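So the structure is just underneath, and the comments pick up after that.
Labels run A, B, C, D, E and F following the written order; every chain starts at residue 1.
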Amino acid sequence: MKYLDEYRNPQAISKIADEIARTASRPWTIMEVCGGQTHAIVKFGLEQLLPDDLELVHGPGCPVCVTSLAVIDRALDLAARPEVIFCSFGDMLRVPGSSRDLLSVKATGGDVRAVYSPLQAVKIAEDNPGREVVFFAIGFETTAPANAMAACLARRRGLRNFSLLVSHFLVPPAIEAICTAPDCRVQGFLAAGHVCAIMGYRQYLPLAERFRIPIVVTGFEPLDILEGILLCVRQLEQGHYGVENQYVRTVQEAGNARARQMVEEVFDVDNQDWRGVGAIPDSGLRLRPAYSQFDARLRFPNETTPPADDSGCISGEIMQGRRKPAECPYFAGRCRPEHPLGAPMVSTEGACAAYYRYRKAEIVDEH
Amino acid sequence: MKYLDEYRNPQAISKIADEIARTASRPWTIMEVCGGQTHAIVKFGLEQLLPDDLELVHGPGCPVCVTSLAVIDRALDLAARPEVIFCSFGDMLRVPGSSRDLLSVKATGGDVRAVYSPLQAVKIAEDNPGREVVFFAIGFETTAPANAMAACLARRRGLRNFSLLVSHFLVPPAIEAICTAPDCRVQGFLAAGHVCAIMGYRQYLPLAERFRIPIVVTGFEPLDILEGILLCVRQLEQGHYGVENQYVRTVQEAGNARARQMVEEVFDVDNQDWRGVGAIPDSGLRLRPAYSQFDARLRFPNETTPPADDSGCISGEIMQGRRKPAECPYFAGRCRPEHPLGAPMVSTEGACAAYYRYRKAEIVDEH
Amino acid sequence: MNTECPLPVFTDETVRVGHGSGGELSQRLISELIRPHFDNPWLRQAHDSATLCPGSERIVFTTDSFVVSPLFFPGGDIGELAVYGTVNDLAMSGAVPRFLSCSLILEEGLPMQTLDRALASMGRAARDTGVQLVTGDTKVVERGKGDGLYINTAGIGVLEHSEVIAPERIAPGDLILLSGDIGRHGMAVMATREGLEFESPLRSDCAPLAEPVLALLNAGITVHCLRDLTRGGLATALVELAESAGRELVVEEAAIPVSEPVQGACELLGLDPLYVANEGRFIAFVPADRAVEALAILQGTAVAADSRVIGSASTGHRPRVIMRNTIGSERLLDRLPGEQLPRIC
Amino acid sequence: MNTECPLPVFTDETVRVGHGSGGELSQRLISELIRPHFDNPWLRQAHDSATLCPGSERIVFTTDSFVVSPLFFPGGDIGELAVYGTVNDLAMSGAVPRFLSCSLILEEGLPMQTLDRALASMGRAARDTGVQLVTGDTKVVERGKGDGLYINTAGIGVLEHSEVIAPERIAPGDLILLSGDIGRHGMAVMATREGLEFESPLRSDCAPLAEPVLALLNAGITVHCLRDLTRGGLATALVELAESAGRELVVEEAAIPVSEPVQGACELLGLDPLYVANEGRFIAFVPADRAVEALAILQGTAVAADSRVIGSASTGHRPRVIMRNTIGSERLLDRLPGEQLPRIC
Amino acid sequence: MCLGIPGQIEQVTDSAPLERSGVVRFGGICKQVNLAYVPEAGVGDYVIVHVGFAISRVDEAEARRVFDYLAEIGDLEHELGPAAPPAQHKEKGAEQ
Amino acid sequence: MCLGIPGQIEQVTDSAPLERSGVVRFGGICKQVNLAYVPEAGVGDYVIVHVGFAISRVDEAEARRVFDYLAEIGDLEHELGPAAPPAQHKEKGAEQ
C-alpha cells in the first residue's frame, strides 16, 4: 500500500537508525505522546534499533487509556439500561470500570455494539426509532471532527433518540502538565501527527519555548517515528528547542480549518480528568449548550456516584515514565491481559501488556 | 386417580355398552355437543362398543374449532405486533387463520406464549410493565368465569397493559340453531357436563320441549358418556324428550351461582359468528362497557378487514353431522394434520384428523 | 509481584464472547474448566482430534445435540443427558459405548458455575458408563443467539456381538418389551416450566441403557431390534419402527406403566403420555420363545427392573400400530403433527 | 380426494418448533429436505447411528460446531465450513477422512430455502472430499435462542500411514511450511458485517486440506506436525504448538503472504492479520532435509500452490514464538486475551 | 369443550374472597388452584378443575350412583343367566 | 491515538457540503468515506482516513522528502566509505 509500504522499508529504516546512533552522543529520554506511535514502536520492535541509552517513554496519548473511571462507570450504567443501544469504538470495550467492562455488560444483556465510525451510530439511531442510541464519543483532537459531525447530523436530521457520552481530550495541556511535574524526566516530545493534521502545530511553539524542550510533529510508520526521533535527538544534541514537523506530507502548520470549524461549532473547552494522571485544566471538550439535547449525561439521570479510583493501578506513573510495569503490585497477578485492572494492560501495545508478554515467556521457561 | 379410574373400568363399561345394545331397537343419531366428549370417544374408541346403527355426531362444542376466521386473523395481527406478548391456550396455536397460525407468527418473531390458565396471562402482564399483554379469551360457559376473573383482577390491580381478545360462545343457542336447520339429523343430545357445572341445565328445558328432543347432561369419562348415551337411547325408545342429568356428581340444576355472578359482572350477551356454522343470534359474550379498557379490539386499531372464509373447508357441515371428512375436496390433500385448513384437522380428535389417521394406514398398506 | 495466577477462570461471572475467540480466554476455559472434568490420555494429547484403536473392525457412530430447557431439572441435567443420550443410541445398536466427542455452544452471559455444574455432571455420567470423552470443541455465541448451553456429543461404540439389531429384523410374533414406566422425562421438564408451578415429585427417567442391552446380548438372547424412547415418546418410536420394518405392531395400553405423577400432570394438561419424551426407557423386539428369559434379564438390572411385555409384531403387513385399550377397543397410533401443547378442550 | 402429498416440506416458509418435535413435521423435514442431500447406504438404514467397517484399527475422531454469521459469505458458507472444518481436523492427524455425522440446531423462523442451500452445499463438499455423512440429528430451538442455523459435525478418519503426527514430534531444525496467504476467511466474514460496508473482493479461503496432506504422506515425506489455522489465526496456532511441543519457534514476517485486500482491511480496522481466522490454510513441520521436496509437493496441489517456508523450530527450549519482522527486529507472539476488535488508536 | 379434572384439596392457602386458592392433588402431583368459585369446598373435598379454577365440588354420594346401578344390572344378569351376546362392534377404519 | 490510514479517492459520490463522500481504496479494498473535511481532495488524491472521515490530503511532493534525504546520507556514506558499525541493539525482554 502506497504511503505505508515505503515507510516500512528495511534499508531506509536501518539507515535512519544508524544515523540516530551516530547522532546521539549521550542518553536521552523522549516521550512519544501518542498511543498510535507506541503501537508501531511495539509492533515493529523499534526500540531494538535504538541506542541502549536512548529511552522512549510511552505517553498518555490513548483516549481509551485516559478516559476516567467515573466516565467509564457512567458508560457501563448507560449500556446496561434496557432501552439503550450503546455504541462504542472497539478498543473501549475491554477497558475496566470499577467492577466490569462493556463486554461484560453485553454478556449480561446490555445491547453494546462496536462501531467503526460515529456515522454508524447515527445510522443505528435512525434505524431504531424506538430505542435510545448512546454513542461513546471518546478521542483526542483527531476524532473530535468526526464526533462533532455525528452531533451535527443528528441535530439536522431531528433525531430524538441519539446522544453522546463525551470524553474528549486535548494534547497540549497534557504536555504542559507532564513538563510541569517536579520529577519530569522527558527531554523531548514526538507530537501526535494526526492530532496536528486537525489542529496544526502553532499551539506547540509556546510550550517548546516555555519548557525549553524540542517538540517534533511525527507520523506513525516506523520510518516516520525514527525520523522524528532523529530530528528530536539532533535538537537535543545541539541544545535547540524548537517545534519541527516530520510529518509534512500530512500535517500543515494551520491544520484543517474546516474540521476545526466543526469542532468549534459543537464543542467548547472544559476541564478534564485523565485516568491515572488526574485533573488538567482546559484539557477536555464538552458539548456546547446548543447541543445539550444530545448530551447523554443530561438525558439520563445519574444512577451512581462517581467512584474513587482505588484499584491501585499505577498507570499514570507508567504513562508519565516515572515507573515500570513490574513495579506495580498487581502486575501479572490480579492484573493480566484477560483481566486488566488498568488500561495499559488492555491493548497488546499497552506498556503493561507488552511487558507481560515478555515476562510470560521467561517464566514458562523456568518450569 | 379417584373419579377417573373407576369411570374407565372395563367391566363397568362393557356392562353399560351391553345395556345400550339391549336397549336400542333401531338406528339413532345422537350428537355429543362437546369437544371434550368427542376427545374421549375417539381416544377410547367408544364407537366400537356401540351398535352399528347408533351414530354419534361430533358437535360444534370446541371453542378452538368454532372461533371465527376473522377473530383468528385479528389474533394473528395482534400477536405479530412487536410490543405485544400474546397469550393463548395451547390448543389455539395451530388453528389456521386466513394464511397462517399463531405458531407461524411466533416462528417469524411474534412473542406468543401458551398459558395453562388466564391467571398466568395476568401475571405476565404484571411482570412485563413495558409490554402489552393480550390474552386470547376463548371458551364456552365453562371458561367464562376464569376469563372474567382475569379481567376483574386486572381492573382491581390497575393493570394498564393487559387486554383480552374475547371469543366466547354459548351452547343453548347453538343447539337451537342445529335443531332449527331444515336437514337436521340429530335425534338426541348429550349436553356438555362442564358447561352445566357453571350454568346448570334449566336453560335446556324449553329446548327439549320445543324440539321434542331428549337432552342428557353428560360427563367426560367413558362410563359417563356411555351412560349418557344409554339414558338418551332410553328416552328415544320410549318417545320421551326430557332433560336428564347423568353427571350428577358434578352438575347441580342451578349451576354455580358465584361463577355465574362473575360472568354477569364482566360479560354480556352478544351475537356471535361460529366458524363453519355462521352467525347465531345471542350466542356469544362480550366485555361490558365497564371493562372496555381491557378490550383488545378497542385498544389496538384494526389493521385488516375481516376476510371471507374462502378456504373451502366444510367443517361446519361436518360438525353438524351433514357430511363426512372424505367428502371434503381438500381432505388428505391440501389439508393434512401438519398443514390443517380447518379446525377439525387440528387436534388428534378432530373429526378430519381422526379419519385421516385411519386412511393413512390404509394407503401405506397399498404401496 | 505475583507470578502465579490467583484468578481461576470460573470466578468470571459469565461466559463472554472472548471465551469463544480461540485466544487466551478460550484456552483457559478449556484447560481450567472443561478438561479437568474429562481427563484421559487422548484429551491430554491436546490435539484437535483423537486417535483411537477401538480394537474392532465394526464400529457404531452416532450423534445428538441437546437443547433442553431448563438445563437442570428434577432427576437430571443437560450434561447427563448429553452422555446418556448418545450412549443409549450406541447401545440401541448393540454396541459397547467407548468414545464420545463433546462440542459446546455457550451463550454469552452463561454463568461459569452453571457450565461447571453441567460439565461435572457429564464427567460423572461418562465415568459411570465407561465412555471416554476424547475430543471436543467450544464455541460462544452472542447473547440472544443461544439458550445458555447447547451440547453436542458424537459417540463411537464397538460391536462385540455378531447380532444384527435393526428394524428390518423385526419378525411376526416378536414380543415388544418396554423397560419401565413412560413419560417421566418430558413431564419433569415441563413441570419446571414457568406458569405450571407443579408441586411435584416428578423426576426425569434420564439414565444409561447400555447395561440392560448388553446383559441381553451377553446372555445370547436374540434381539431383533432396540429403540430408545426420546422425543415423540413411545407412540412415535413404535410408529417409526412399524414403518421402517413394514410390519403391523399391536400393543396393549393396560400393559404400559405410567406413574401417578405423570398421569396426574398429563390429565391436567390434556397430554397423552404415549407421546411424552423419555430419556431412560427403551423397547426391545425379541422372539417370543426367548421373551421370558429376556424379561428376567432386564428385570435383573436396576434401570429396567420394571420391564414388561407390552405387545407384539403381528403377522399383518400394514405398517401401522394398533393400540388395544383397557376397555377392549382399538385405536391407531400415529405421529403427532408437531409438539404436544396443553389443551383446554 | 387427493391422495399424494402436493405440499413438499420446503414450501413451508420457515422452520417451526414442530419441526424439532420428533413428530410428522420432523420426519418430513428429515426425509424430504435433509436426507436427499446425503444419500448413502448408511443413512438409508434410517437408524439413529451408523455401523461402520473403516477397515483399520487406528481411527481418528474429531468434532466441531459451526456458528458463523452470516451463514453465506463470499467464498463459502456454513455448510461447506462444517464439512471442510472437520475434514481438515482429520487431515491434520494424517488421517484419510471417511465418515461424518451432522447435527443441526435450527432456529424457529429459519427459511427452509436457507437450510436447503446450506445442506446442498454440505452435500457437495462431502462428495468433493470423499466423506460419507452417515448419521445425524436435528433440533429446533425457539426464536431468539439461535442464530438461524448451527451445524455440528463429528468426523472419523482412518490412519493409513504409520507416521505419528503430533506436536511433541516437532524437532529443532524442523522447517515450518505455510500453505498460502492468511486472514482471508476472517476478513471476508467481517467485511460482510453490518456497518463496515466494504466494497471488497475479499473471499474466504475455506477449502479442504486432506489432498495436500495426503500428497505429502503418500510421497513418504516425514511430517512431524500439522495444524490448520482457524480461529486465532496463524499466531495462535504457532503459540499453541510451541507450548504443546515445548519448543521455541522462529518465524519471518516477510515470508508470510497477506493479500492486498486483507492487508487493506486490517490496516483500516487496526487488526493484525496474524490473528485473523482462516479456513483453508495449514502449517506443516518437516525436517529441513525434506523441506524442498515437501514444498514442491504442496505447491503441486491447487489449495496449497502458494506454500512457502516461514520459519523453523529453533534449538531453544523456551516454549515461545519469535517473530522476526521485516526491519530486522523481533517480537514475541502470544495469544490475544479475547477476540480482536476494530481500534481507533 | 372444557377439560375438567377431579382433584382433592390438600390445603387452602389464601382466603381473600376473589383470590381464595389452595393446593389440589391430582394423582401424583399438586398444583395451586383458584378456589373462589367453590366456597363450600374444603380440605379433603374433590373439585373439578378447569384452566386453574375449581368450577364444582364433586358429590361423593352421587358419584356412587352409577356403580349402584351397575351392581343392579349385574344382579339382574345374574338372575337372567349369562349376559346377552356383546354388541357387534364396528371398526371405523375398515369402513371406508 | 488516532489510527489514520492513507487511501486513494476513486470516486466522489455525494457532494452536499456536510455529507461530501466518496469511495476510497486501501490496498485491495474500497470503502465509503466522508470527505467533508478535505474539499480540496479529488479523484486520484490520497487522503488520511480516521474513523470513516478523511482528515487530511497527503502531499505527494513532501512525501518524497525523507527518501531524498536518505539518498543524500547514502551518498555521504558512499563518500565516507562503509557505514559506521550498527548501534548495539537492546532486547527489552532480556532486561528484566
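Worth a mention:
Keep this in mind: a contact is a pair of C-beta atoms (placed from the backbone, for glycine too) under 8 Å apart; a residue touches a chain by one contact, two chains touch by 3 or more.
Predicted, not measured: the structure shown is a model, and the values here were computed from it.
The minimal number of chain-to-chain contact steps leading from chain C to chain E is 1. Any chain touching chain B that also touches chain E appears here: C.
Among the other chains, the CA centroid farthest from that of chain F is the one of E. Over half of the residue numbers at the interface between copies chain C and chain D are found on both sides, making the touching surfaces mostly the same.
Seen from the Cα centre of chain D, the chain whose own Cα centre is farthest off is E. We define each chain's centre as the mean of its Cα atoms; on that basis chain C and chain F are separated by 62 Å. Chain centres here are Cα means. That of chain D falls 36 Å from that of chain F.
One simple way to say how far apart two chains are is to compare their mean CA positions; for chain B and chain F this gives 77 Å. Contact of a single residue of chain D with at least two other chains is seen at positions 16-18, 23-25, 142, 196, 260, 263-264, 267, 270, 329-330, 332, 334, 336-338, 343-345.
In chain A, 1, 4, 14, 35-36, 48-49, 62-63, 89, 103, 116-117, 120, 139, 143, 326, 336-338, 358, 361-362 are the positions where the chain touches two or more neighbouring chains simultaneously.
Annotation for chain E: residues touching 2 or more other chains are 1-3, 5, 26-27, 50-51, 89, 91, 93. Here the touching chains pair up as A-C, A-D, A-F, B-C, B-D, B-E, C-D, C-E, D-F.
Residues 16-27, 45-55, 57-67, 89-90, 92-93, 95, 99, 101-105, 134-137, 139, 141-142, 144-147, 150, 152, 154-157, 159, 166-167, 227-228, 230-232, 236, 240, 244, 277, 334-340 of chain C are the ones that touch chain D when the two sit in their complex.
Contact residues of chain B toward chain E in the complex are 1-4, 6, 12, 14-22, 34-36, 47-52, 61-63, 89, 116-120, 139-140, 142-143, 145-146, 149, 152-153, 156, 192-195, 197-198, 220, 223, 227, 248-252, 256, 258-259, 262, 326, 354-355, 358-359, 361-362. The part of chain C that touches chain B in the complex is made up of residues 195-196, 243, 260, 263-264, 267, 269-270, 272, 317-320, 325-332, 334, 336-338, 341-345. Against chain F, in their complex, chain D makes its touches with residues 191, 196-202, 259-265, 267-268, 270, 329-330, 332, 343-345. Across the interface of their complex, chain B is touched by residues 1-3, 5-7, 13-18, 23-25, 28, 108-109, 142-143 of chain D.
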